[in-house]
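In the two assemblies presented below, chain A is common to both, partnered first by chain B and then by chain C.
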Partner chain A sequence: MENHYAIETQSLGRVYKIRNPGKKENKTLTALEGVDLQIKPGELFGLLGPNGAGKTTLIKILTTLLAPTHGYASVAGYDVSKSPDDVRQRINMVSGGESSGYGLLTVRENLWMFAQFYGIESKEANQRIKTLLEIVGIADRANSRSSNLSTGLRQKMNIVRGFLTDPEILFLDEPTLGLDVGASRDVRSFIRRWMDDDPKRTLLLTTHYMIEADELCDRVAIINKGKVLACGTPASLKQSLQKDAIFHIDLDSPKVLVESVFSILPGVTSVKIHDNENKTIMDLVLDEESALANVIATVTSQGAQIVTLQKREPTLEDVFVKLVGQRMEEVEHADAPAS
Partner chain B sequence: MAAWLGWKIESNWTDPFLFTIYSIVKPLAAAMILVVMYGVITNNQFGSPVFAYLFIGNAFYQYVANVMVGVSWAIVDDREHYCTLKYLYVSPISIPYYLMGRGVARVLITTFSVFIIMVVGVAFLHIPFNPAQINWPLFVLSLVIGIIMLAMLGLLLAGVTLRMAQYSFNIGDSVAGALYLFSGAIFPLEVLPAFLRPLGYIMPISYWLELIRRSLVGGVAESFPTFAAISDVNLLLILAALSVLFGVVSVWAWKKFDWEARERGLLDQTNNY
Partner chain C sequence: MPMLPPVSKRHTGWRLFLMTVIGRSYPRVVGMQRERSWIFFDTFLPMLSVAAYVFVYRAIKAPEDYVGFVVVGGAMMAYWMNVLWSMASQLYWEKETGNLALYIISPGSMMAILLGMALGGLFATTLRAVGIILLGSLLFQVHFVIASATQLILVFFLTMVSLYGLGMMTASLFLLLSREAWHISNLAQEPIFLISGFYFPIKNFPAWVPMVGSFIPLTLGMDAMRQLAFASGPSLGWISVNIEIMGLIVLSIMFLMGARLLLNYMERLAVREGRLTESRG
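Moving on to the complex of A and B:
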């Protein structure tokens, strides 16, 4: 119980057993492996990773919805496996990209009911509902049945549901998934404001949007295939690439350029080549700038022409590429079932 | 709060007038199917004690179908339809109490349905029903114990539903359908083959329906041999004992299935049926 972390995990793991028809033994799928995290009270902590990385599994374990198969996790000082009721007194959760809610109830009724479940006095609940609906811009839909709301508006209602109870620790699982650009921006600024309003609040957010993690989070853990690959402030993660030289090159190439031709060149840490609207784009990380000459020579020898060449500051995407060897988008496509 | 939600879900899908019509017509239509079948088979022997036995048993069996299945159906509804079960689990409420609350609306609606059916039965179908001869204390006590017992069985069923993410849509109706045959609702247990009768004797629903019949139309109940040798008080004690037994089993089973559902990640698993 004595624990000064808002959230702590030690060697946390989760293995799913999957039925294997016709076989005696079930298949297993490792969703999380050896996750060690320490999140302090007051932190806005981000879990950044592609779809299927294990982010939702981790949130489900921390919110007591799923039992871990290995290791230990505590929230607000309580073991999630042994004291789920104590944990539930102190948390709330919102999952993005879904349309949950009682469609027959109005927006206000849905929110009011959940406030009652958390023991919030009715008058106070109504006041909070009014304020929060105004902040997320759906105050005019308070008396609409939630079944009549679009998916985006319903998601906003759910975001209000999460903040309404003013939890000690809030879990947001891809909160802006499926929202348009403007709505996502509003939600992000509201999250930041909510955190700034009370330094005791802790928020764990999962996302696969780099900008969200970079813009919002005090610290970020990069997660892929169930493992935490790196953890730190966005600045410190990017700082780890500071000694590298990062270039973005737009090319006009008559033939497909192959990454392996470039990755074997001396001084090349990573190279990613992809096509975008009749252009070939090369993202390059070099040990030192002098290696660029070799790359340019090779580009020319392949019959390609450099349209623009830009040296830029490292991003979290670069950090991810360096750690995983692929861009997040590529990881998601590689893991998607073949259609 | 859960009762309020249950009432909203049960009643809020249409305007109050249509809901009232629906609440009257639906149970009557269901009862009339049985009445017509009985009339055809027996050449309209509606004055027979067999008819009163069947009619009352069938009317009150609605509590079994609605309360027991209603409590467990909240799991399917919240997990699959509204996708709110995980948010309820994350909240500080007690899920078993919440499920019971959801069942309260069903109790109210069922009570209204049973009342309508009984009124029609007495007014048009010669059910020998005399308010002055009703054993009201026995009736009220039996009804209350019965509803609590059904809610506890509902909790058991809810646990099974929680644990069986797939096919959970069918569990409630399947169990209610099976118990209809093994609880003496429409025919005495003696009609069943001997090897199936123990199923009826172990179910508290059988004793509950017998107590309801005895308290409402004592003479009719005495025409059937199943529990004739057992006094009202003993029957009530058996009902209470079996209710406690099933209640304890239900709480234990709920805890077990709840834990297993958490272990297997079933609390928010949807099948998109």
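Moving on to the complex of A and C:
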């Protein structure tokens, strides 16, 4: 079936009905609203957003696990609502922190079992399992029961499960969730190699780690509260802040500094103040550098001293702050509705 | 050089169906070898309740074939427990562990997954049932008189097809009921012991009780097997074996078709309402 895009969504939305005992009408929760995405074959596309942003809901729709309530979605050219069987032959999915498989089976047996569901001959499946386990560095655990694996090793097994079937389009939902730095790096490196191996492979990755999106993805969509706020290459998204001046200031302050005091100053686009150990840290985005003088004067008037002041390049975190008005951590800590 | 070549061949159609069945039955078959504690818990412990009935029957000087009835009932109980706890509630647990979503997004059919679960469970349970029959027969010196081995095998086969068909059907139903299913399993356990006549001939009941009980395939299956395996079986049987075979055929068709319909309905409903996986992120 001819289609220009590996994944395409048009005005895609999902509203959940929530039972409201004792009340006539159910409540509704909008998990996804008006999402338009076009992902080309060969792209490693990232969905970046805090927990509860709607990333997993989108993945569930694209993997045929959930029906959209509005709009249209296609994967590999097939409508996910009308042709789920055609979609399923071309995809696979790995979620962070999943505990799939059976603890009584060994790593090799679990992977073999899933390969059977994709019609891969045992001989070929076993050969692929061997190769992939060597690549991700857990070949020595092939005959260990999966119940005996640590979180990191288990996630590597899950990653192998997803790649084992060589899907045309792979969905990775927070693949490094809960992994330590080393294991996360290994997983990211493996994902990049897999994509580089075949230009026809498409991968959609959801993450709330900025570094993951920045390091891995060809393009990124920033999503919050079910809406896509921006979409582009990491460089182009950061480029949108190039005209701004971004400063990182370490302060020694005898009292708590209030953001609202600074945010009303002329030329200040956004300001975030937080404590880290014994320091107060201020992250500033200014329309232009000349606005810094006012900020420094206000800092001094508050009785605080500047320890270090650093101008730095914009990051995806800055892009997110500019779009949402809060850092991703703050959004996650707020009482965001689950999607 | 690519780190991994593309998959050379992917089977589809009936071959994929068969591979999915084998794949999903594997954990149950292998699980038996890995957790050998079942030999004690699933063979020795059921013998205690079998022994209790045997001693009661001997104390009241009931016909000696009643002892054989009890041993057969004890063995068949293993299948009922397997269907109730490892088939009916299995999809719910698969959902909780995240396996269900992976099964659904795979090209293998859900019917094949359920069949694999059933066959794996059937294999594992047959080992238990054989253990109970052997141990019970040796301990209580059960004397079998097989009237027709062919019919006996046919009845056992049909009983298993319809029983596991029932299990496949309820698996979908229980998935929709989620945690409530646990209570239904509890609720179904003891009354079925009674109305299906696990430890006594159902002929002793008023006719309406075995009629109601006939919706559970074990009721007809056990009655027919007892008639075919013991000398006094025919005189203690409820209805003729041939009618019971017909009944089991009807139940098999009804439950397998029901399983397929319910599975499709469950999947449509679950996708529409978002019940296939827990809501996250």
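Keep in mind that, in the parts below, the second predicted complex is superposed on the first by the 333 of 339 C-alpha atoms of A that agree within 3 Å, B and C clash if a C-alpha of one lies under 4 Å from a C-alpha of the other, contacts with A are read in each partner's own complex, and residues count from 1 in each chain.
Everything below uses one rule, namely that a residue touches a chain if its C-beta (ideal position, glycine included) is under 8 Å from a C-beta of that chain, and two chains touch if they have at least 3 such contacts.
Note that the structure is a prediction, hence the values are computed from the model and not measured.
Look at chain A after the overlay: chain B and chain C clash there.
In the superposition on chain A, no contact is made by A:T269 with either chain B or chain C. Residue contacts after overlaying the shared chain place A:T131 against chain C, while chain B stays out of touching range. When both complexes are overlaid on chain A, the residue A:K55 reaches chain C alone and has no touch with chain B.
In the superposition on chain A, A:L65 makes contact with both chain B and chain C. Between chain B and chain C, C touches the greater number of residues of chain A.
In the superposition on chain A, contact is made by A:M93 with both chain B and chain C.
Legend: residue contacts after superposition of the two complexes on their common chain; A:F163 is shown touching chain C, with no touch to chain B.
Touching of chain A by both chain B and chain C, each in its own complex, is seen for residues 16, 60, 63-67, 85, 88-89, 91-93, 95, 98-102, 104-105, 109, 113-114, 116-119, 161.
Interface residues of chain A, counted against chain B in their complex, comprise 16, 60, 63-67, 85, 88-89, 91-93, 95, 98-105, 109, 113-114, 116-119, 161.
Taken together, the chain B residues at the contact with chain A in this complex read 1, 4-5, 8-9, 12-13, 82-84, 86-93, 259, 262-263, 265, 267-268. Across the complex, chain A is touched by residues 2-4, 6-12, 15-16, 19-20, 22-24, 26-27, 30-31, 34-35, 97-99, 101-108, 113, 271-274, 276-277, 279-281 of chain C. Within the complex formed with chain C, the chain A residues making contact are 14, 16-17, 31, 51-57, 60, 63-67, 85, 88-89, 91-93, 95, 98-102, 104-105, 109, 112-121, 124, 128, 131-132, 135, 145, 161, 163, 165-166, 173-174, 193-194, 197-198, 206, 338-339.
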